[in-house]
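Shared chain: chain A. Partners: chain B in the first complex, chain C in the second.
Let's look at the complex of A and B:
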């Protein structure tokens, strides 16, 4: 089964070639007429007054943290789901307990307003 | 003489067959994008009671080709305050992950050619579905890097929105797929299709299908979940500053992701290459698979012309407070029913 990864490796090379090839081609083929106004970032016809790299909503950070938490928990489901038919009732009870803990975490975030997007 | 040649190439047979398959699939994926753009514009035209592109070639079929040639020869503008390396890297990542994630998708059943059994997939790995999640999850980087490196506030907002949306719906996507993994006991996509020979899983797991499909639409940033590209608010989102082919590469990535997502839904829920009514062989299997994928792609376009874009706070609330609990509940229900 491991030799199947050779195919994935070849696809990796082909995908890299296509992606890099397209970026290279468009850099080579297109015309190049540059003047200062054209090289400014888009701002509805005005010049940009302030840098866009400023503070943004902390909610995005919170979502990222929550994702890491829940995704790590979700990763544990995968081996369980594969072995599920062999584990039987034991596996079911164990996973119910696990999901209960996960659910408590979700409920806590929910009640504390972590999922509200104001 | 021929035996000698065959004997010489024997150890490399995996490389040769794999290389041919990889190139065929990659070229087909790249070529299917203009076709999809054409299909979308035509269908949108019909949905909105107008003609759509119909001037270039029969049924306007030449339009996407002329568009892509035009885009290739347009100037690639890199605005002066952008981070040049990352600015080039971002569209490359998007296209790279989109093409690579298709590697594990089996498009029909194995068939024999010249006495060799050919698997119509590039890699039939045991962790097939995890591979797709992992690689397509990496596509987020392309969008975030595009947003950050452009040094434009519209791009930055688009990149942030895109990342928050995609990671939120990835959870639902994974957990909805888990109920299918519980049913089959395998992560391998070929095994999953084989276990649907009698009944497609959409009839057994309708809730998981709905969750997976909704999360899939959100994951590919398609309307009604196309917040990262909300034209009225963000101009064009994370690709505002991109021109020419680099601009088109983001759309290429999006359309290839649509094809991958439709294929994944087909494999997990619609029975993959199982025809159910027609006699089963590699050709009818491929036709069945292609028909199901095409139907789902048209469904994507139909959704776009039917639903208005949802508000950003509702999008996040919908993902976290509605889809995620239902997905977990569905997983519990499935596993409980499976044991009892």
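Let's look at the complex of A and C:
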């Protein structure tokens, strides 16, 4: 039973060897020229103007949370759409109830002003 | 194209959940159009809870199993629904004046309490571990928000964050325990698990035993038993007082209902492996809760530690696992609801806008200025301690007799000893009220709804203590 995994095992070993070997070879053979620009986190392009560790406006998080919520809705829709005919009327009604409940949530967010950016 | 068979849908037995969910959504939407005066929102919430309590009796010939054996309507769940609706209604009534005073104007508050109650009903009625997990999640998420609803108060924020982080961690343990039990038995249905573990081969699997330990950790956290109680004092202290009272009663009762279903109903065969563990947890909860309470100077923290010790007593009902155990569990939770809401009602009444008067020293000399209030507080505290003829005594008596019947004499002796210890700190508050000179001025405005709750709690505490028979009759039949 294990024989069928031999190929995968060899593949794994070779891949690991190549990856480790490359890192090892560059660290042995590569030129070691160090100067300030090279040690910066982003060596290419413009030097950075401000630190990337800033605070983000809380609005972004709100949008992210709402996105996740309604994204889950889509996740539920796909299997339902595929099995639509086999689920019959029961599935249709259930899905409408699900959308209704989500709709209440959307209405709440909308009227409360959760979607206003300003 | 054959149809996928739909599960055995029984909307009538699901009626309490449906009714309450609809009302919770209605509250959410109505609140969008009322600005300052929340009377309408509160009214709808209370009507919703009343309808839920009525709809719990929609089924006859109990128990009724539905949804492929993952939902059950039986005496236990109907009784628990009564306790949940009662505690949520009392919490909402307590909140009316408190929220006005403290400036909590969010209508979501009431909607969250209703949704939390939906979770509690699911928790007490589920016979499938996935449903139990979902119930716990619904309850917990609502409580995280409720604990932090005073957004501008750092204490409230601390409570919410601590509760959330530790709660999420504990939910992980619970879920992991469930997966291990599923790994051992191949099912999440409690009824099937009860049958499968009769076979020695499944019952002795290490997976099963590991699963049980993790389940105890998960549930132990949700009911705040030692050694998983560390969150309780901080969260109880930081949360708004009506929410604290609500947390100490409703969600705790719901977690105990699930605890009882998983351990006493589904796994009595395995009791040799979980009994001793639960005994240790129970004894530790009693001792550490009581000793911790002795050292507190803040009334909310004192009540939090005392609720940890009460968890120890209630666990004895789960350990007893007989029918007397389940009826004494229900009776205890009902009595506890009255005592806790009464005590927190007084705590709210004594506070005022700038100063919540939460130190025990603030109660000095209360008896001279407001004798009625001091008497009520004394009654609630003595009942919590277990003084006859109050509700707390009868409740403890039935739990202890259930345990004695199963032969847990040492456990009961330790529990009685602990009741004696607990009197020390309950009496300390009473000594402050009756035997010390008043330190500052009391500025008590008797908010009508809060007084109403205290009166209900008083009637319940005294009534259940003096005439326990009718309720006991119901719990046993």
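The working rule: the second predicted complex is superposed on the first by the 66 of 118 C-alpha atoms of A that agree within 3 Å, B and C clash if a C-alpha of one lies under 4 Å from a C-alpha of the other, contacts with A are read in each partner's own complex, and residues count from 1 in each chain.
In this text, contacts are C-beta pairs under 8 Å (C-beta built on N, C-alpha and C of every residue); 3 or more make two chains touch, one makes a residue touch a chain.
Only a predicted model underlies this, so the values are computations on that prediction, with no experimental measurement involved.
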Contacts of A:115 with chain B and chain C, given as first, second, both or neither: first
More chain A residues in contact [chain B versus chain C]: B
A:7 touches, of chain B and chain C: first, second, both or neither? first
Which superposed partner A:69 touches (first chain B, second chain C, both, neither): neither
Touching partner for A:88 - first (chain B), second (chain C), both, neither: both
Touched partner set for A:26, first chain B, second chain C, both or neither: first
Chain C-contacting residues of chain A that also contact chain B: 83, 85, 88
Residues of chain B defined as touching chain A within the complex: 14-15, 18-19, 21-23, 25-26, 30, 71-82, 88, 91-93, 95-97, 99-100, 102-104, 121-126, 130-131, 150-157, 160, 163-164, 167-168, 170-171, 174-175, 178, 181-182, 185-187, 235, 240-241, 244-246, 249, 312-313, 316-317, 320-321, 324-325, 328, 331-332, 335-336, 338-339
Complex interface listing, chain C residues touching chain A: 1-4, 6, 9, 25, 28-29, 32
Footprint of chain C on chain A - complex, ascending: 83, 85-88, 90-91, 101, 104, 107-108, 111-112
For the chain A and chain B complex, residues of the former touching the latter: 1, 3-8, 10-16, 18-20, 22-23, 25-27, 29-33, 36, 38-43, 48, 51-53, 56, 59-60, 63-64, 66-67, 70-71, 74, 77-78, 81-85, 88-89, 92, 95-96, 99, 102-103, 106, 110, 115-118
